[in-house]
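Common to both upcoming complexes is chain A, partnered first by chain B, then by chain C.
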Partner chain A sequence: MAAINSADPLLQVDNLRVHYGAGRQRLNAVDGLSLTVDAGQTVAIVGESGSGKSSVAMALVNGLAANGEWEADHILFQGEEISRQELLRLRGRAITYMMQDPSGALNPVLTVGEQIKRVLKYHTPLSKAEREEQAIELMERVEIPDAASRLDAFPHEFSGGMQQRIVLAMALAPSPVLLIADEPTTGLDVTVEAQIFALLDRLKRELTMSVVLVAHDLGVVATSADEAVVLYAGKVVEKGTVAALFERPRHPYTIGLLRCAHDLHDENVLNPIPGRIPGLGERPQGCVFHPRCAWKTAECEAAVPDLIQLDGQSVACIHHESLTD
Partner chain B sequence: MSLFKYIGRRFVSAIPTLILITFLAFGLLYVTPGGPVEALAGIFGTPEQKVRIREELGLNDPLHVQYLRWISGVFSGDFGEMIVMAPGTPIAEMLRKPLLVTFWLTLGGALVALVVGLSIGALSAVRPNSWLDGFSRLSSIATYSIPDFWLAIILLFVFGVIFRYRWAISGQIDFSRNVLFSLQSMLLPAIALGLAKAGIVARITRGELFDVQNKPFIQFERIMGLPNRVVIKDMLHNGILPIVTVLGYTIGLIFRGTFLVEVVFGAPGIGLFLVRAAKTQEYALLQTLVLIIGTVFILMNLLTDILYGVLDPRVRT
Partner chain C sequence: MKTARFRILWNRFIGDKLVVLGAVLVFLFLVIAVFGPQLAPYDFAQQFRAAAGELLPMDVMSTTATGERLLLGSDALGRDMLSRLIYGTRTTLVISVSSVLTATILAIVLGSLTGYFQGSLFDEIVMRLIDALLTFPGILLAVILVAAWGTQGIQIGPITTNPEMTIVFALVFTFTPRLTRTMRGSTIPQAHRAYIKAAQLMGMPVWRIVALELIPNCLTAVIIQATTYLGLAVFSTAGLGFLGLGPAEPQPELGKILARTQEYFLSRQFWHIFIPGFTISLLVFAFSVLGDGIRNVLDPEYRFEEADL
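Let's turn to the complex of A and B:
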């Protein structure tokens, strides 16, 4: 492989669009998302259910539903412009994926060992004996106790947290440079969730791997991610370093999201954002967030706000200067 | 649990049901009107004759002694003798040929049900909502609403009465004599039996194969870049599981269906025998048939359980 210029980002995607259906029924799920992932970095994509964050993850690994379609202006991998076809060829090798629901992500009729070894078989030049060894090593790496003897166990013999570790072992098997983790702790206990994220963090550093983390939990984002993209109704409303976003959120939606989380420590326990996220076919004119926004003015309904570049972050709100947290 | 242990356990759990079947078959003797004594003595039998017959048949012995005598006979292949239809002939010999006929018909029917059901189901799963899918869904509802014996009569009428094919009405199935003619004779009964059950197989196949393509682990395998043939193999393996569950049951239904279809086509299987045995109060024959039919159903279910255990590790626990 050619020497990687460390100045080049690992993956850069410009103006990503995802839509479902065609013709009159065409619905835009993601509208113009740009993403830059540096080597060794974790970039979080944050948003409520329906914001389009999973569509972004699925688009990158070409796993969209049959009626889903995506395009981007440019895709750059390790500094080189590549086509969608070339990106597709990277999946399962340089780019791997961690499924949302660990209980459904494993084939119930095959042993976990077989499933890990299969990934090795198709993506590494290892011999049969080496694959066996490597599978055990991978299971040890994701901290499955007694790995060698668990190789012949079936997925249903593991707990949810252990199943997700197996999924992670499969995702790590081809030694990827980028792991896309789509809400990897859905349905797991909070304690197990913390363990999985700690593991992911440690492995990311050990293996110098980048992670695109799809999440709705800001606490997770604060501890695991370096950068975050806040997605609302398919639009990027704010993005930047996690430090900047948490220090000074600029977009009313980000402010609202942080309030929901922050105020857990306060007297008033719940502080939700009023209203709900619009469905795919009911996106409003102008700023997508204005129907739920406390600061909205007539201008917000008139035009779609551009992403305004600030120090350490960008925000898509015309009122960002006058907002206070 | 290992597969071996699982199979062993299924076998053991089938034993109580088998024992229950022997009780039922044995008890039949005492609930049928008339019973063997009336049958043997005839309408004009004197009370003295009847007493003698009872004595000879051992009917005065305690029940458990009679049961043990009967069951030990069964285990050594002695099911008793014919009394009315062919006096003195051992039941085992009497039943050999009819059992073969019924076996071939059940096999033929099961083949038709599987081949037609699986292919129609798979085709409509691949192209959901196409005209083929619509046709197959409609025809599966139609076929499982049609009783097999009705279909048998219609087929017999069309091919036997209108077209006058000799094989359509012969009912002669004897592979030791004429293989081709036997196959021809089997054709219509097998279609009548199989088509009536193909609908249910097609519906389940369509549903399962359609669902399995959207299962998260199939998606994960694709995203992880596994070759297409591997993913398709996994889809088939997982999609086939629920089909297996109805398989044993369906074959059981086809086996049961042969009784009436045999009567329609005049095929000398055990269905035809069952009717005659009941009519003539051939009690030992009736007992044996009840025993055989019950055992076949239990074995079919056992086979289903074992097959399922082989295919799906989750049921072994």
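Let's turn to the complex of A and C:
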């Protein structure tokens, strides 16, 4: 990889739109998301199911479903403007993707060693012996005990956490500068989840790699991300550094999300956000969040709020000044 | 780990005595086919005269006018039955095995591609062609094709194929559609699995995804079907031969030998019919029992028993 000029962000995407065709209709899943990932940083994309967070991840690696389309005004990689075609060429090499479900993401009839070596074969100029060595090294790097002898094991012989480590090893094989991890710990238990994130964090620093982390768990975001983008119904409602977001959330949705988490200390109180996220075809006029918002006024229903730049974060709410947590 | 897996499968296979019998018989038939020219006592076209100096269907262990002993006697044209049987087995086996093999390979390629590109124009065209071929009931399509092409070999540009190829082609046309449907059916659910998506997102080219990731996961059903088709192929080859659509004379083929024995069914040599008849039955039996065994080994639904472990 070419040396990275630290002044430029690694990846910058402006005004990303994702839409799905459903018959004659065109449904917007993501509407105007801008994302900046600095070198060595972890940017989290947060939202509940249906918010469009996975669509963002999939768009970046061109893996949208057949009826999905995406476009962006600008894509800048290491400071240079690139086309979608060029972004596609980076996929699998400079930008790799890590799947949600580790047991499904591995080919059941091939040994894990074979699967890692295949990635190396396709993306690196290494010889057969070097690939063997490199595969063992990658497995050691993701902390698989007794890596050399586990090379010939099949995926079903591993636990879920170990499978996810293999998936991670495959994603790291081409030495990427950006790893897109789409809810990498779905279906794993909490202790394993913590281990995976600790591992991801350590590898990120060791390999000077950036991570785009798709997550719905704010606890995960708080511990392992530097910046976060909060998505709601395809719209960015708030974004900023994790410190700023957790210190002072400005958008009613973020406040609601944090409340759900905070009040878990009190056994008797649950503070869910009332209502549910609108489906693709039923997005409301004005601010997308107003039907569920406690601070809603007539203005909220009339106009789509712009993202207002504040110190350390930006928020898409016209009432952000009068809100208190 | 690998060896333990193999041991379990092997124990499943040899657990069934009938399957072992089938495997041994198939092996013996293969030996006969491969070493036919070395095993056969005489040339399959050589005509012997009976002691009386005539061309006759001779009895078992009879001696010819020139002093040769014919172990299984001769056919009506004085040709050594044993040699014809050995060469006939060879012909039948070569035709049936190569047609099933070709059909299976074709089916794997077509089925995996149509399954992976499900709903595409390519899928539509291939599957509608296959639907058209499927409208002919079983062996009838092969009968029609051989009758149309003739048994002299097909001319493709400057090349004229060898006569047996006509039958192979006809059988390939009969077997491929069914096998392709099976393969496509097992490919479709696999093509939507996450590991295929993962391979796509790794930037692997389509041929690699299909050949290296997809196909190895979809083979079980088509292999099971193909092994059961081996018996059917022997039956069909012999059937075509019996109907006079086999390879041209003097090339022996089990079905053809059987057809000839009809001629003296009402004579003293009526028992001649049992020689090729029994051979065909044994061959079909061996293949179907072996097919059962292979299915037991590969079938994931097969229950583990005490004997397996």
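Keep this in mind: the second predicted complex is superposed on the first by the 316 of 325 C-alpha atoms of A that agree within 3 Å, B and C clash if a C-alpha of one lies under 4 Å from a C-alpha of the other, contacts with A are read in each partner's own complex, and residues count from 1 in each chain.
In the analysis below, a contact is a pair of C-beta atoms (placed from the backbone, for glycine too) under 8 Å apart; a residue touches a chain by one contact, two chains touch by 3 or more.
Keep in mind the model is a prediction, meaning the values are calculated, not measured.
Once both complexes are superposed on chain A, the partners chain B and chain C clash. Once chain A of one complex is fitted onto chain A of the other, the partner contacts of A:231 are absent, as it touches neither chain B nor chain C.
By the touch criterion defined above, A:170 reaches both chain B and chain C.
In the superposition on chain A, A:156 contacts chain B only, with no contact to chain C. Of the two partner chains placed around the shared chain by superposition, neither chain B nor chain C is touched by A:213. Once both structures are placed on chain A, chain A residues 61, 63, 91-93, 96-97, 99-101, 104-110, 118-119, 122-123, 154, 157, 167, 170 are touched by chain B and, in the other complex, by chain C.
Here chain A touches chain C in the complex through residues 61, 63, 91-93, 96-97, 99-101, 104-110, 118-119, 122-123, 152-154, 157, 167, 170, going by the rule given at the top. Contact residues of chain A toward chain B in the complex are 61-63, 91-93, 96-97, 99-101, 104-111, 118-119, 122-123, 154, 156-157, 167, 170-171. Residues 1-2, 193-195, 197-204, 208, 212-213, 216-217 of chain C touch chain A in their complex.
Interface residues of chain B, counted against chain A in their complex, comprise 215-217, 219-227, 230, 234, 237-238, 241, 311-314, 317.
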